[in-house]
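Presented sequentially are two complexes of subunit A, the first with subunit B as partner and the second with subunit C.
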Partner chain A sequence: MTVTSPAGATPGLAARPPGPALPRLLPPGGRPGGLAGHLAALGPLPYRGGPGRLIADVAESGLTGRGGAAFPVARKLAAVAAGRRPVVVGNGAESEPLSGKDAALLRAAPHLVLDGLQLAAEAVGARRAILAVHPGGYAGGTLTGALAQRQAAGLDRVPVELAEATDGFLAGQETALVSALNGGLGRPAFTPPRVSDRGVGGHPTLVQNVETLCHLALIARYGAAWFRSVGTGTEPGSMLATVWQADGRAAVTEAALGTPLGQLLDLRGPVQAVLVGGYHGTWLPAGQAAGLALSNASLHPAGAAAGAGVLAALPAGRCGLAETARVARYLALASSGQCGPCLNGLPRIAAGLAELAGTRPRPTVIHDLERWSGLTSGRGACHHPDGTVRFVRSALVTFAAETAAHAAGRCSAPGAAPFLLVPAEQTPAPGGRR
Partner chain B sequence: MSRVLRLNPVACAGHGACAELLPEVISLDEWGYPVLAPGPVPAGLARRARRAVAACPALALAMESAADSAYSEKTQSQHRADPSAGPARLGT
Partner chain C sequence: MSADTALWYASRATGVVCLLLMTVVVLLGVLVTRQGRLPGLPRFAVTGLHRNLSLLAVLFLVVHVVTAILDPFVTIGWVATVVPLASPYRPVWIGLGAVALDLMAALVLTSLARARIGRRAWRAVHWLAYALWPLSLAHSLGSSGDLRSGPLLWLSAACAAAVAAALSVRLLAAAQAVPPAGRAAAELARHEAAARRPVTLAPRGPVARQEDLLARRQSVLGGEEASPGRHALAASTGVAREAGR
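After this line comes the complex of A and B, so read on.
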């Protein structure tokens, strides 16, 4: 696929957009030469000379947040730009265990992330910028080295602070991240106030996923028409996906919105189901997934969402209930324990699933699971209970045959090794709440 | 102007006073946490709804105009209307 140059060059845009459309963010083998190589390949950093000026281009591009919520970026920029002394946060916390795209970007394209952070800061008029990464995720000195190069070149107009998010599944949730940056416990907060009104240090705060910042840096260079030259009309551009194949291999790949899932996942082999959207996502039978595409227009009718681009194929010969039960237990332990329904509901749901995944579960368990799910979803300050319940409910539908087998005392894959990645268990802190 | 009740689930500690004072609108789940009926507070119950708000030891319950509540995306009644709706909103 080739890219068509935008009709009529917009002032301030780089003269020559790159030829091949994809990959845009992560060239194979990386981009050698540090900052000089980065600027030689992509062109200079196109500051616009004042707040607000980039926002129209971003609006025209249709860019949405790539951290999972797919919120229109231009609206967030405009909301924060209207506030006093705003702060910009690049979110690379990537607390979803199955996702590896943010780490890949920070390792292989740190200057693209940092370009986006500078341009976002300029767009909202921020004088303070923070890049938050996964604990221990300074990319082996790549980020500190990249920042030093930029400082030596006098490239950055706003100083960038590096920060580590807290550990745990909810660390990247934006209110939790802001809480951690403010010296708090890093737990999700009840909104309002939204972080765009009151965030870091009490200032209006723009939190954007690091991949979103990369797209923004390219839109600033090549324009909205270039960005929209791939993807669909309603969901333009490309996104990074972390793809787990049924044979256990995982890779970060860039795909245009609207790419058939069957082009990203090898579904011809013995695959029974696909998990779309990670651990707050949706299980779909492999046959159904094969007819869908990586876009919310395609996935929403199936009860799924593209989210942060996590796709995982579950091979035949594994028990989908056992896999879901292990993850549900992890998600129950990941609750911040602040909201009663989540604190009470998720452990019961996890225990019910564990019973269902065993042999001879009580016939009432399935009804308990449905009741607890209804009582838990939508009743938290954050979307952790909703996402967990969606994941569990989709398992009960997709693995209905397995549920019936277990009720009859059979498991299709007794003793199979775990397939889905679950981080090492954390011991709850004294008092039970973390 | 119609009024709606809004619960802060982080502040709520499950005291249950609200459900005793306003059982027409608020019930308790099996763990003792309040479940709010969707929609605005019926006009005839506004007085007792205000008392329920005032009685919460955790200051977790608020009554606000429906317009303000539409601004907040975390109103419980909205979420309970369709628990399966929409993608999760983690991250950005």
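After this line comes the complex of A and C, so read on.
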């Protein structure tokens, strides 16, 4: 397939991309008019008339998964398209407490998500499409209405099933989501088999974050060159970021890959550190973060990753250790309790960190934390232990001064109110054994 | 000891050894679970022991059955070894042995074909092992008077007591087991209790503050209750427009 120009003379592409370069996904003030308004603004849904045809465009665009892992979408599409009777799953489970972008998309641009789901289903030849959303129902009303409109217009070629993901930090993990959709316990599974080989109902399954689907729907309309017109050469396009400012304000914002973090976060005020990538992410000192950009090329050398685009600034006057300890406790409780390293490691690390965040911790605790971290990472069915250990280790580095203060019996912010959002503790579901 | 009594003794002895082996196999199967271990033995060794002792029991069972048929002291007949109630001699008690033999055959065949039939089907059939053991014990006690008195009675009583004890330990453990979803919480509580220092900055915010945080997330998500001005979706539009090139 030839590279298409943004001007769009190629058949199948809409005549002209609307408006300025950004935002692409979430128009300011929303897009009124439901399905009609959506199609009027963006152009018709450009079905390609058969499986596989969109994949070359997606490969050309360089689109990667926006759920956090940044896996090349075209490779996933090609892998699933090669299988028998594939299934497509739009992943809007968004189980990261600090992320709000998927919910924002489902609420403000449901038709863009559903366009992407249809196009992905066509690209892999799927007859079944599922849209999984965070439990709690804040997206359900919008989505059932949107689906009804599309059905009335005869737009969808594959019927879309709405499903609620389970609650909990690991619910959005690919294998856990597929397990829940299959009627299982919703726990991460060992791979192989990958879900692209054996997923929902045992069929090859494409699981894509809802934001990824939105980008897909726009690439199908305006082409790969248009998509690459923002972002960097190696990481093209834009991504949604959920940005938590030090003053407590929070916003979902769209930014080109490569945008300096200082443009997204207000780092001029009294900010001591920045959490990049959510609770599986990395703490960075504010000064270091100010010199970095929202791209893996910039963040990887600092030990961080763009992930699902969560950025949080920790203001001065808070104890970074206490914040980290609260989150580590939440993450330890989020373990599904099936792998030894996670079940034995994370509670130990969380308890050690709580001691470290308290007054006069034993001097051995910090060494224990390092040792346990080394023993815990790189093992288990999913990346929960790895992500948690990355988060904890980065805190020990970034808040080294605070650690020294605690060892001497001082805390820079004793009794400060919690800053980072940690969901309320949940009692384990009864009948968890199977 | 004539040729005839040799057969008689062989049949009785192999029968007793077979019962002992089956008892050990049942004990291993009952006690060794995913979490439970035998001290000093890794799990794969226990599984191997379970499997090899079972095969040894099969061997003894074959000798036991063949010698019992060949023994001219009583008439049983080849058919009665697999068909219950077909034996002219003590049809009920020999019949129990026949059922046990059939079950044993089913267990061996499904175990050999485990990779082919799948774990679930194999496991379903393997539950029959729990019926096999009491059948064998009843067959031993009923078929002849030897086990009903003296040291052999004590032996069979000891087997029964061991299996009963193992079963109660296993059932008790199952009743007290923490479901996977609660395991991390149990572990965390254990470690927090074990920390010598009081955890003064216990990572639990006051409830009111927690609700405030949840409200903040709700405002990010764009819920109806979002306060005007903090509604985020429209707030930042062109952030990276100039930066993205």
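One rule holds for everything that comes next: the second predicted complex is superposed on the first by the 417 of 434 C-alpha atoms of A that agree within 3 Å, B and C clash if a C-alpha of one lies under 4 Å from a C-alpha of the other, contacts with A are read in each partner's own complex, and residues count from 1 in each chain.
Following the convention adopted for this analysis, a contact is a pair of C-beta atoms (placed from the backbone, for glycine too) under 8 Å apart; a residue touches a chain by one contact, two chains touch by 3 or more.
From a predicted model like this one, the values you see are computed outputs, not experimental measurements.
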Which superposed partner A:G374 touches (first subunit B, second subunit C, both, neither): first
Which superposed partner A:S179 touches (first subunit B, second subunit C, both, neither): neither
Touched partner set for A:S298, first subunit B, second subunit C, both or neither: neither
First (subunit B), second (subunit C), both or neither touched by A:Q272: neither
Which superposed partner A:R329 touches (first subunit B, second subunit C, both, neither): second
Between subunit B and subunit C, more extensive residue contact with subunit A: C
Contacts of A:Q245 with subunit B and subunit C, given as first, second, both or neither: neither
Partner chain(s) touched by A:C411 [first = subunit B, second = subunit C, both, neither]: second
Which of subunit B and subunit C A:Q338 touches, first, second, both or neither: both
Residues of subunit A contacting subunit B in one complex and subunit C in the other: 338, 342, 344
Subunit C contact footprint on subunit A (complex, rising order): 20-23, 26, 28-30, 97, 100, 103-104, 107-108, 138, 185, 187, 230-231, 238, 242-243, 248-260, 263-264, 319, 321-322, 325-330, 332-338, 342-344, 346-348, 350-352, 354-355, 357-362, 411, 414-415, 417-418, 421-424, 428-433
Residues on subunit B engaged by subunit A in the complex (per definition of touch): 8-14, 29-33, 35, 71-74, 76, 79-80, 83-84, 86-92
Subunit B-touching residues of subunit A, taken from the complex the two chains share: 65, 67-71, 76, 91, 93, 96, 170, 172-174, 189-192, 207-209, 212, 277, 280-281, 296, 300, 303, 305, 307-308, 338-342, 344-345, 373-375, 377-384, 386-387, 389-390, 393
Residues of subunit C that touch subunit A when the two form their complex: 177, 179-185, 187-188, 190-192, 194-206, 209-210, 213-214, 216-217, 219-223, 230, 232-241, 243-245
